[in-house]
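Pasting the structures here.
Each of the next two complexes has chain A plus one more chain, namely chain B in the first and chain C in the second.
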Partner chain A sequence: MSTTGFAPVGTVVAVRRRLQRRYALVMALLAVLTLAAIGLALAVGDYPLPLAEVVRSLLSPFTGNVEPAGDFIVLGVRLPRAVAGLLAGGAFGLSGVLFQSVLRNPLASPDIVGITMGASATAVAAIIVFDWSGTAVSLSACVGAVVIALLIYGLSWRNGVTPYRLVLIGIGMSAIAGAVVSYLFTRARIFDVQEALAWLTGSLNGASFEHLAPLALALLVLTPVAAVLWRSLNALQLGDDTAKALGTRVELSRLGLIIVAVLLAAAATAAVGPVAFVAFVSGPIARRLLGPAGNALLPSALVGGLVTIGSDFVAQHMLGRNQLPVGVVTGAFGAVFLIYLLAAAHRSGRGG
Partner chain B sequence: MSANHQLSAADLTLGYADRTIVEKLSIAIPPARFTVIVGANACGKSTLLRGLARLLTPRAGTVYLDGRAIHQMPTKEVATLLGVLPQTPVAPDGITVADLVGRGRYPHQGWFRQWVAADDAAVANALQATDTLDLAGRAVDELSGGQRQRVWIAMALAQETELLLLDEPTTFLDINHQVEVLDLLTDLVHERGRTVVAVLHDLNLACRYADHIVAMRDGKVAASGTPPEVVTPELVKSVFGMDAEVVSDPVSHTPMIVPVGRHKVKAKLKAAAE
Partner chain C sequence: MAEAAASAKGLAPSARAGGLVVLAGLLVAVLVLSIAVGARAIPLSDIWSALVAFDPSQTNHRIILDLRLPRTLVGLLVGAALGLSGAILQGATRNPLADPGILGINAGATLCVVLGISVFGITQLSGYVWLAFLGAGGATVAVYLIASLGREGATPVKLALAGAAVTAVLTSVTSAILITSVETLDQIRFWQVGALTGRTNEILLQVTPFILAGIVLALATSRILDGLALGDDVARGLGMKVQRSRALVGLAAVILAGAATAAAGPIAFVGLTVPHVARAFTGPNYRWLLPYSMLLAPVMLLGADIVGRVIVPPGELQVGIVTAALGAPFFIALVRRRKLAEL
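So, the complex of A and B:
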């Protein structure tokens, strides 16, 4: 190798530093916005609380400065709800950006290719057909997500999986799962319908810490796995041949990444239902903020949490007296974003 | 440069689905030389390159890297010895040149060995060698075709492998950029002792730049050797099915192929061809 002068290395380091600074800036911005959203979510409601009172309540388990009414509202009602939004939104965001990056297609998020719809279908079946409730329903939602993912992967396999075929088959499977849900509703007793409805549009109603434990555990285990696999994703993004040339085990890495993404979507759906389009919008928003500054994994998780908490705030407090489930707001927001994305892709001549 | 690595194949059979493209082919790549593979469309030259680069698993036969079967070696270890630039690499949207070239460092990194100063140095060297240092901060999608191709070669160079395999690195480039890229590859061979194998479309540029030329026909090696040894009107006829005169390239004194078609040909030659 020829000897290295100082100047060229300096150029490379300067570019890398610039990208790192932008990454740090984006992360800081998202963290501040998320904290602000959580603060709002804890303070605003039928019983508005000043921020100082919220902080006192949050610290009361440690300081012993207890005030039962305020503490119940903050710690018992609003905090679990905000945490549910943060965790589920984060998991959806991670799942979405993994899917979109592995399949190199912004349409390939778990809520569009039918993973969350599959979870809904089995959850609704569990309630209406088998009369199950509670944990059993959540578990069957997880099973449904995994089964529909396997079906999609299997059906799109022909000497390997091409992303485009997988997306199309996923959209078809999503429609089938939707049809199953509609059919089940026509046969349901009215009491079951009430419960099953929550599985159509995700909702943070009735969130509790015990309820969120499995999702928190899933995030704790799967996020580091995703971070490790993200390294091979950097190679996979250059095309299969280049990735292989760089020493990546392509099919293995891709399968690993998809499994992690499916499990994250399944855990989030089991906890709060299929909150529409959070997985779909998080990655693109994070990427737009980052520009060329690389790794969109954690920023997408933060965007997912922020979108979910923000949408829940809008659904609860800004749309008149009726409190809507969060999925209605994210659904409307996501639909607009989808149209924008399709229009933008069309204009620049890049399909989907 | 350190000891040269040996790449060879014995009785290699390659194919896709139910089609066999390359059959029982044996080849030895001369180390520290520029080897160029030529042949008509669909003769199996790209398939052979993908096989040698372990991107394609052989139906039968073996590719050897330093005497070891390449498909049995850990793929990451291979990636530290042998770099490949495939025909259609994909640049992620908005990625900067420095970042893309840095991806070439992948095989040198691991869970515990993250980005270090040596990686910056390798990227800087690769950018300098390809004359793309001043593009380091630019987005790859804003570059011209020639610039982009040089950046991709820089990515393969950052891998710091002694062997470099390239599939049609000059396709879609203007003639000036083609010459630029081939000059660069020749520098790598003659100044740094690298072994370079490239599939090329342009027969005359292949003859000019190759130290060793491999002509393929129907999945087999039709001839191999130095261009003056190998390139004759008979070879061109058998490989491309076309009449041609072979003259001396006025610039390099290597063989130059002048095609003889049905039109725009002097009467005497026309008679001889018929």
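So, the complex of A and C:
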């Protein structure tokens, strides 16, 4: 996309307009696909409903046109599940793209730098050692994510933090947390192990609006913060020295973005468990759809939501009688999409 | 040694050979300890006599030849293989996060072993070896093919992303099987941790030829890696065939890591961290980095295995757990103290 030499002003404007159009197109495409996925999730199931019926149920609190059985299925069962997928997927997608951008490494999602592993270690300990369940497990996952993030950041601090050191220390902490999980797995009774594995896989089962409230609140507060801080990120992408020269307060921006990313990952993990790979694939998918058209923040969140809802649909309805938790499918679903995009990228410069 | 290593360049060139000798000495000490230490302590004199004049009626001799020696040699080979494969993979992808896991090796091996247990009812460790090898190889070929699609070919970033994507697919299938089959989960949870327990002469003989061939091939790629470290464009400018070189390195890595995983289960941490530790001593030069990694990794693996044998008597702690629990704090301290040579 380089405009070499002295490009006429008209060309620059035309290029910019084309990029804006592409961004709008990608956002519209993702929004339509997400809405379609939600529609499908509300209509399809053991008790299939026509779309008109779904719409009537959704509007029933306002129109008063109530029909108890259908309303319970749509509003009480399927809608919370779809919303859980949308919110958790969105939070994971945002968190992932923030980490990948701040740390300047496409592999550095919260799955890999240790945040998810910290949450898993405390949650598995809660299940296996203390025999807790439900909210207590969610809370311990949240605490684990925040504590390991603090440890990673604190240990990386030495006259400031470099992305390289942060990533390496993240791997180290992740390995320690992983060893805790492995140790508990080999020592526990097999039934406890099974329960812990189910939690580790991540699932939208039993989603309810009360459980989702903290996650919704986190997204509502943190997304605007991320959007504001994101502006300084473009400078961070150029490397620490250049960013400093451009007047960005490198350390502060980076810390702010990491805090936002950690809190998003923690809130989503507490709500649905550490659903695998959503955080990892959302950013790269969004970037490949956008090409050079810039700001991947919101598209990544939409991709995250779409991948999660789509995976849950596949897990629920398309794999025979065994209804699997969503985390089993997100890996396959998101990854296949990413593989397609990798293969389809023929222009150079789109490799990252 | 600590002062000399404080800079990003590592030891002074004249001290590097000396460092290698020290490492080799450490390795010999760990090998001897690994044969001597365990639930039954064996005096050094017995080790010597068991090796030169084996007497089947002596319990100590039987323990040494049937249990401790194969376990120690498997640890030596697996360690060397993991250290080398980690170092050359990080060089080929120019990513500090690259490890045998990144090419889908661990995920492919795990899936095949899980399938072997759940579909064919295989429960013998020696039966897992070929399954793990098959899975590791298949996954790597898939990763490489995917990364090669598109016009640029297999760039480091595409390799890393394709590796992570394939890992995701394979892990999904694995967890689908494990969630629906408690028996398989019960079997796999001990293999999946990574352990040297119960590795017999049979397993040793199965993997030795692969690891030896992999070591030769990997050590021969040091010049290629020094070239790739300059970036693809410069390397191409110097007349290197970048794609073919990277494929060669990948081949060496998959032979090594595949065999290591087949023998001991997926031990991720060693391949990931040992090259970073070695780089603190050698600087970025692969001619030194590769032998350092090759010697350092088995020291770490066998050291961790010895600790795991004695730390929770009468039981054992799997080596995969101990390497992470002991190695990670050490690794973190190292990352904090030194300015590491970046890739």
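By definition in this document, the second predicted complex is superposed on the first by the 281 of 352 C-alpha atoms of A that agree within 3 Å, B and C clash if a C-alpha of one lies under 4 Å from a C-alpha of the other, contacts with A are read in each partner's own complex, and residues count from 1 in each chain.
Throughout what follows, a contact is a pair of C-beta atoms (placed from the backbone, for glycine too) under 8 Å apart; a residue touches a chain by one contact, two chains touch by 3 or more.
None of these values were measured; they are calculated from a predicted model.
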Requested in this report: For A:Ser182, decide between first (touching chain B), second (touching chain C), both and neither.
Outcome: second
Report task. Compare chain B and chain C by how many residues of chain A each one touches, and report the one with more. Result -> C
Query raised in the report: Touching A:Val336, do we find chain B (first), chain C (second), both, or neither?
Result: second
**Report entry** First (chain B), second (chain C), both or neither touched by A:Gly134
**Finding:** neither
Query raised in the report: So, does A:Ala108 touch the first partner chain B, the second partner chain C, both, or neither?
Result: second
**Report entry** Complex contact set, residues of chain B against chain A
**Finding:** 17, 50, 53-55, 74-80, 83-96, 98-100, 102-104, 106-107, 109, 111, 115, 117, 120-121, 123-125, 127-128, 133, 136-137, 139, 156, 159-160, 192
**Report entry** chain A - residues contacting chain B, complex
**Finding:** 1-2, 4, 8-9, 11-16, 18-19, 104, 159, 228, 231, 234-235, 237-239, 241-242, 244-249, 287, 291-292, 294
Query raised in the report: What residues on chain A touch chain C, complex-wise?
Result: 105-108, 112, 155-156, 158, 164-165, 167-169, 171-173, 175-176, 178-179, 182-183, 185-186, 190-191, 193-194, 197-198, 201, 276-277, 280-281, 284, 319, 322, 324-325, 327-332, 334-336, 338-339, 342-348, 351-352
Report summary line: So, in the complex, the side of chain C touching chain A is made of residues 95-97, 102, 146-147, 149-152, 155, 157-158, 160-162, 164-169, 171-173, 175-176, 178-180, 182, 185-186, 189-190, 192-193, 268-269, 272-273, 276, 317-318, 320-322, 324-325, 327-329, 331-332, 335-336, 340, 342
